[in-house]
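Structures follow.
One chain, chain A, appears in both complexes that follow, with chain B as partner in the first and chain C in the second.
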Partner chain A sequence: MKNHNNSNILESPEFRMAIIAISVFVLMSLLSPERFLSSQNIISMAFQFPEFAILALAMTIVMLTGGIDLSVVGISNFTAVVAAIILTQFASPDMSLQASILWYGGAIFAALILGAVCGYTNGILVAYLGLPPILATLGSGLVFTGFAVALTGGSAVMGFPEVVAWLGNERLLGIPVPLIIFIVLAFGLHILLSRTSFGLKITMYGANPLAAFFAAIDINRMLIKVYVVSGMLSAIAGLVIMSRANSAKADYGSSYLLLAILIAVLGGVNPYGGYGKIIGVVLAVLSMQFLSSGLNMLQVSNFARELIWGSLLIIVMIINSTNWIKQKKNAIKPIKSS
Partner chain B sequence: MVSKTTGAFIDMQQVTKRYAGVVALDDVDFTVMPGEIVCLAGENGSGKSTLIKILAGIEHASAGEIYINGISHKKLNPRVSSAAGVMVIFQDFSLFPNLSVAENISFSTQLREQRRIFNSTYAKNLARKALERIDVDIPLDAPVESLPVAHKQLVGICRALACDARLIIMDEPTTALTEREVRSLLDIIRRLKSDGVAVVFVSHKLAEVMEVSDRVVVLRNGKKVADGPASDFDAASLTRHMTGRDVIEAQPSPLAADAKELLVVKNLNKTGVLTNINFNLKAGEVLGLTGLLGSGRTSLAKAMFGLTKADSGTLTLDSKKIALGDPVATAHAGIGYVPEDRLTEGLFLTQSIVRNVAIGRLDRHQKNGFLNINNLISEATDWLKRLKVKTSNIEAPVKSLSGGNQQRVSLARWLARSPKVLILNGPSVGVDVGSKAEIHDLIRDLAQSGIGIIMISDDLPELLATCQRILVMRSGEIVDEIDSKSTNEEQLSHRLAS
Partner chain C sequence: MKNWFPKGFFSRNETLVAVVIIGFCIIATISDPLFFSVTTLSDLLRASIVMGILAVAVMLVLVSGGIDVSFTAIAVFAMYSSTLIALSIWPEMPWYIIFAISISIGAALGAINGILIAGFGLPTLIVTLGTLSIFRGFLLTFIGSERISALPPEMREFSRMMIARGTTESGNFYSLPWAFAALILVIALTWFILQKTMLGRAIFAIGGSHESARRIGINVKATQFFIYVYVGMLAGLAGIIFGSMGRMADPFSLVGWELSVIAAVVLGGARLIGGYGTLTGTLLGVALIVLVQNSLIVIGIPSTWQSVTIGVLILVGTGLPAYQAKRAAAKSA
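Take a look at the complex of A and B:
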C-alpha cells in the first residue's frame, strides 16, 4: 500500500533528501578532507545526532496528523530531571553495579511513564478539548519546563552512578549505543506507520480529518495515542541527553525544537498532514549532522548555525509548499453544481 | 466600442476550457443581451459552473474570446468582471453571516470605491436604495445569519445591485425556496428586467423559472446543444436536450410483504434542528428522504449516524438500541453513511483508491498488532470489481477518478463492512447521466439483497425510480409520507415546496 502522491521516485521528497545528504557529505569532505572524514569525526557524529533525531521522530508522528508538538524538548527535560532526581536521591556513585542498574532501570521506567503522561495530557487538550495543537503544546511545553525548573531550582542535577553513562557514551559491537537506540526506534516507527491499523489511520486522518470522522474512525483515541507515542519518544531522547551530559537540567537542548521541526519538514513530512516517510526523516537527520559538524570544523559560530537552520527551514518549506498548496486546493474544490 | 454586430452585453465566442486533459467547455458561444433573462441549463458536470466561473473571472478560458459590453477581455479576474457589471450570486450566496444586512450589501461597493474607512451612514443609504429597487423590506441592522434563506438571497441580489450590476448570474436560485418564495423572486426578476438588468439562471430544475425567461441555453458534456427562445421548450424537450436521450428509469422493486422491521427511529429531537422524528425502515426497503435545502435532511442523517448528537430519542436496529452521538458504535452496529460531499467528507482525495476502501476494514484485518495487508488489499480490490470501478491502477489517488467512480469507491467502503442499513446522501450528485442510472440499479440490487436503504435526495425522478416510500421534511420535521407508486414528479414537487 504505497502512497502514490509521488509516483515518480525521482520527484519524491525522499529522493531529493538523499541527493542533499550525499551532496552535503561530499561538500564537507572536500572542504575539510582530513578532519571531516577522520574516523574520530565519523564516530563522534554517530554519538551526537541520535538525541535530536529521536526528537525529530516524535515530531514526525504528530506532524503526520497535521498537528505539531512544540513540547518535545520540554518533555525530554522534565522526564530527564525526574529520572536524575530518582538517581541522585536513591542511588549513589559508590553503589554496587547490580543495585545501580536496578535504580537506573527504575528511573528509565519512571521517565517513560512520565513521558506518556505528558503526551496523554497533550492528546486530551488536542482531541477532547479541541485546542489547536500548536498552541496546546506550546503551553504544555512551558508547563513541563516549569515543573523541571521547580524541581531543580534551575540548576543541573548530577552525581549519577557510573552505569548511567553507558546509554549515551558506550558502544555495543562497535556501534554507539545511542545510534542503536535511534535505529531501533526509527525502524519501529516505520513498521508502526506502514504495517498497523493505527499507522494507516494516522496517515488517512492527516490527509482529511473530516473524511476520517465520517468514516467512523475513532479519532480521539487515535490522536491521544499519537501524542503518547510522541511523549515517550521525547522521554527517550531526554534519557540519552542526560546520559551524554551526565546531568539533567531544565533548559538543555533548547535549539533542538527548531531542529526537530526542520528535520521532519526537510525529510518530506507534510506539515498539513497525510504524507511522510521515516526514511526521508533519517536522511534529513544525516544531512543536518553532516552540515552541523562541517560548519563546526570550518569554525562557523553557533549563532550563525541557527541562522542557517532557520533559513534552511523556510527555503525547504517554499520548495515543498507549491506541492502542498496544490493538494490543498484540490482537496477543497466544491462538489455541487454545474 | 460597443460591438456593432450584436449589441450583446456578454458575447463569448468559441470558449474552451480544459482541466488537465478533461475538456469542461468545448467551443461554446454564449451571449446575453442587456435586460435579457436567460436560462442556462444542463446536468451536473455539463459545464454550467465552468462557464459562469469564467465569466466571473474565477477560472480562465483556455481558448476563445470574451466581450463584455463590446470590450474584449483577454483575461478576466473577479475585480475586472465585477467592475464591468457582471455579478454572480452563488448557491451559498457568499455572504458574511456575522455582518449586518447593510454591511453585506455595501461591502463590495465601499471596497471598490477604495474607501479606507468604513462609513456606516453611507452603508445604510446604499443598502436602503438597493432594497428599494427591488421593493423589499429587510431590517438593515440584522445580522445576516439570523435571516431566512430567501432573505439571504435578496441580500445577495441587493449587493449586486449596489455595485451597479448589469448582469446578475444566479446559481441554482430556487433549490432552497418554497413555492411562494419562488413567486416573489420571479416578481423581483421582472422588476430588474424592466430596469435593464440582465439575469442568467443556472439550474438543472427549470420548470419554475421558465415563465420569466426569454431564452434557454442547454449545455451537455461541455458543448452547447440547444439555444433558442424559451417558448420553444417544454419540460420533455429540455430533459432530452440535457440528458441526450430519453432516460427510461426502472421502477423500484416491490417490497416483500413479510419484510421484517430493521430500523426504528423514535422521537428524535435536537433543539432548533430536528423535531420529533419518527419513522421505520424494513429490510430491503429504499426509503426516500427529501425536502428543500435547509429542511433538515442532512441534519437527520448526521444525527442518525451519530456525527451530531441528538438531544433525545432512540434509534433501534434489529431491536438493539444504538447509542446516540457515537459514529464508531453506530457503524459497528451496522449502519453506514455515504455523505453528500464526497470531496471533503467522503473521500481521502490524495490517498490511493484501495486505501479509501480499506479504511473501514483496518481493525478487522489486524492480527497480533499487525495488519494483514494482502487480505486487506484483496478484499478492497474485490469490492472495487463488484462495483465496477473503472481504473487501471488501484494505487492511484482517488481524486483521479470520475465522479461516478468516486461514488462507487465511497459505497465500496461501506459495503465491505456488510451493513444492515445504508444512508446515502445525494448519491448521484456530480455524477454523469450514464453512471447515475447504474448507481440506481446498484441501489435497487442492494435493497433486493436485504439491506435497508435511506436515500436522501432532491432529485425527484431519482427518488421515484428507486424508493418505495418517500418522507418529506420541512424545518426539521417530517411533514409528509408518500407512497411513490401513487404520485408523480409534479405532485411530489408541489408537496415538497408548498
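Take a look at the complex of A and C:
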C-alpha cells in the first residue's frame, strides 16, 4: 500500500476521478449555463445524491474486503418499511410534536438495529458458513426484500407525522440535512478506514486474505463488523429515501444497486479488494450527480442515462484495470517467493 | 444399499433439490389433489422453457468461473430488435429466420461481453452489470420502448405448434408447445459440448484454475470468448421464444429475471468459484424455482412470501455445501 501512496499522484484513480468530476461539471455548465449553475439546481442536487451515495459507501467497505454486497437495497427497503410500519402503527399525523419526534427517534433506532442485524446475518453467512459474498448477499437480499413485500403486501406505506420529512427535505444552517448526513458518514468512514487498526485490517485482508490470516487477524470478526457497518449504512440510506419519498415500499431504489457498485468502482475501489479511498467515492458520486442532473436538463431520457452509466463503468474499468493487475501481481509475489 | 448410489449421492445439491421438489409436490397434492395432474405438469413445463434455456447458459458461465447478469438484457434486446426487423422488412418472414436473426443478435451482444472479459481481463460481474444497463439503455433509447402486440404472423404460428394437447378426464385443458423441443435441443447441445468435446473440458479447466488451464496449453481467452458468445446465442433464443409464447414483444420484460435464473443454477449445485456444475442440477434448480413461482400458494404459503422462499432456498442450498467444504478444509489443515 505504501508504494501506492508514494507513486505519482497524477496516476491515482482518485486524480482521474477528480478530472472526470470537474470535466462533467464544466461540460454541463457550458451546455446549459443558466439552468445547471442555478442555485436551485445546485440545492436540488444536494438533496438528491446522498441517498445513493450512502449506499455506495456501504458497497465500498464491503468491496475493500474483496466481497460485494448485493443486499444493500434490500436492507434499506426492509428497514425503511419496518420504520414506516412503526410510525403508522404508533404515531399519527395529528400527534403532538414531542410525541411524534419521540416515535420518529424510536423508528430510526429500530431501523438502525435492524440494519445491523441484517448486516450481521450477511457477516455470519460469509465468515462462518464460508458462502461467497455474491451468493450470501444475493440470497439475503432476496430474503430482506421478501420480508418487506410480505410486511406490506407490495404496496407503499404512508401517512407519517410531519417530522419524518425533516431528515430528507429540510436544511440546517442552509445546508440540506441529507447532505450533512452524507458528509458525516463519509468523513467517519474515511477516518475508520485510514486511521484505525480496523481499517488497516480490512485493507490487509482485501489485499491478501492469506497473508492477513497469517498475520493473526481475526478474519471472521473483522468480516462480520464490515457487513454490520454496511447494513447500518444501508439502513440510514433507507431512512433518507423514506423521508424524501414520504413513504416506504419494498421496491424503492431498485436501480440504486447497480449505481452503488458503479460509483464504488468509478471511485477507484478495487473490486478484488485491498484498495479504495473514500475521497474517490465522493468524487464519483459528484460526477454521477452532475451527469444525471445535466442530462436531465438536456431532456435526455432515463434509459439513455442508464446507457451512459453503463458505458462509463466499462470505460473506467478498462482504464483502471491495468493498475489493478499490477497491484494484484505485487501482492501475490511475496508469498510465492517465500 | 448405499452402493447403489454414486459416491457422495446424499450430500449432493441435486439430491437435496430433488428431495425438496418431491416434498413440495407431496404436500401440494395433499392440500389440493388437483395439483397432481397433467395440466399442472404441462403448465410447469411450459413455464420452465425460457428459464431453462437461460439457466443452461448461466450454468456454463458459472462452470467457467465467471458470472453473467446481462443475459436478460441480451434476450430482450435480441427479441425486440429481431421482431422489429421482421416487421419492417418482411412481415411474412418464416419463424426460423426470425429465430436465426435473434440468435445472431444475441451472439453479437455476447461477443461484446466476450471481448471485455477475455480481451481486457475485466471482472465478469462488473462487466456484465455494465453491459446489462448498456444493452437495456440502448434498446429503450434508440430501438424502441413501445410494446408490440402485432407480432409477425409466423411467430404467433410458432407458439401454436403443439407437441401434445388435449383435455383430461376432469375436463382440464393441457398443452405442450414445440418450443419445449428447443429446451431439449439446448440441453443436448450443451451436454455434448461439455462432455464430449475438448472445448467442454477447457471450460471446466479454466473454471478450476485459470493459471493451470493456461499452463496445460488451453487457450483461456478463446474459451472465455466462446462461452460469452454461446450465452448470448442462448439468450437470443430464449428471448424470441419468450416473445412468441407471450405473443408480445415487450422491451421492459425479462430484465429482472437474472437473479431468479442465477438462483436456480446455484441451487442446482453449480459453484460460483467455477469448475463444477451439472445440467441435471441446473434443470432441477429451474424446476424448483418454477414450482415456487407458480405453486407456492398451493402449499399454503402466500405468494408475497415468494422472494423470501427463494432467498432462503439459495442460502440453505448453497450454505450447506459451503459449510461442509469449509469444515472439510479445516479438518485437513
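Assume the second predicted complex is superposed on the first by the 323 of 338 C-alpha atoms of A that agree within 3 Å, B and C clash if a C-alpha of one lies under 4 Å from a C-alpha of the other, contacts with A are read in each partner's own complex, and residues count from 1 in each chain.
The rule is short, and it goes like this: contacts are C-beta pairs under 8 Å (C-beta built on N, C-alpha and C of every residue); 3 or more make two chains touch, one makes a residue touch a chain.
Keep in mind it's a predicted model, so treat the numbers as computed, not measured.
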Contacts of A:Phe147 with chain B and chain C, given as first, second, both or neither: second
Which superposed partner A:Arg305 touches (first chain B, second chain C, both, neither): second
Chain A: partner with more touched residues, chain B or chain C: C
Partner chain(s) touched by A:Asp218 [first = chain B, second = chain C, both, neither]: first
Which superposed partner A:Ile261 touches (first chain B, second chain C, both, neither): second
First (chain B), second (chain C), both or neither touched by A:Asn246: neither
First, second, both or neither for A:Ser197, with chain B first and chain C second: first
Partner chain C, residues of chain A touching it in the complex: 68, 125, 129-132, 134-136, 138-147, 149-150, 153-154, 258, 261-262, 265, 271-272, 301, 303-311, 313-314, 317-318, 321, 325
Partner chain B, residues of chain A touching it in the complex: 1-5, 7, 195-197, 200-201, 203-204, 207-208, 210-218, 274-275, 327, 330-338
Of chain C, residues touching chain A in the complex: 67, 116, 120-123, 125-127, 129-134, 136-141, 145, 259, 262-263, 266, 272-273, 302, 304-312, 314-315, 318-319, 322-323, 325-326
Complex contacts: residues of chain B adjacent to chain A: 42, 44-50, 91, 171-172, 202, 307, 327-328, 330-332, 337, 339, 341-352, 354-355, 358-360, 362-363, 365-366, 369-371, 373, 376-377, 393, 395-397, 399, 413, 429-430
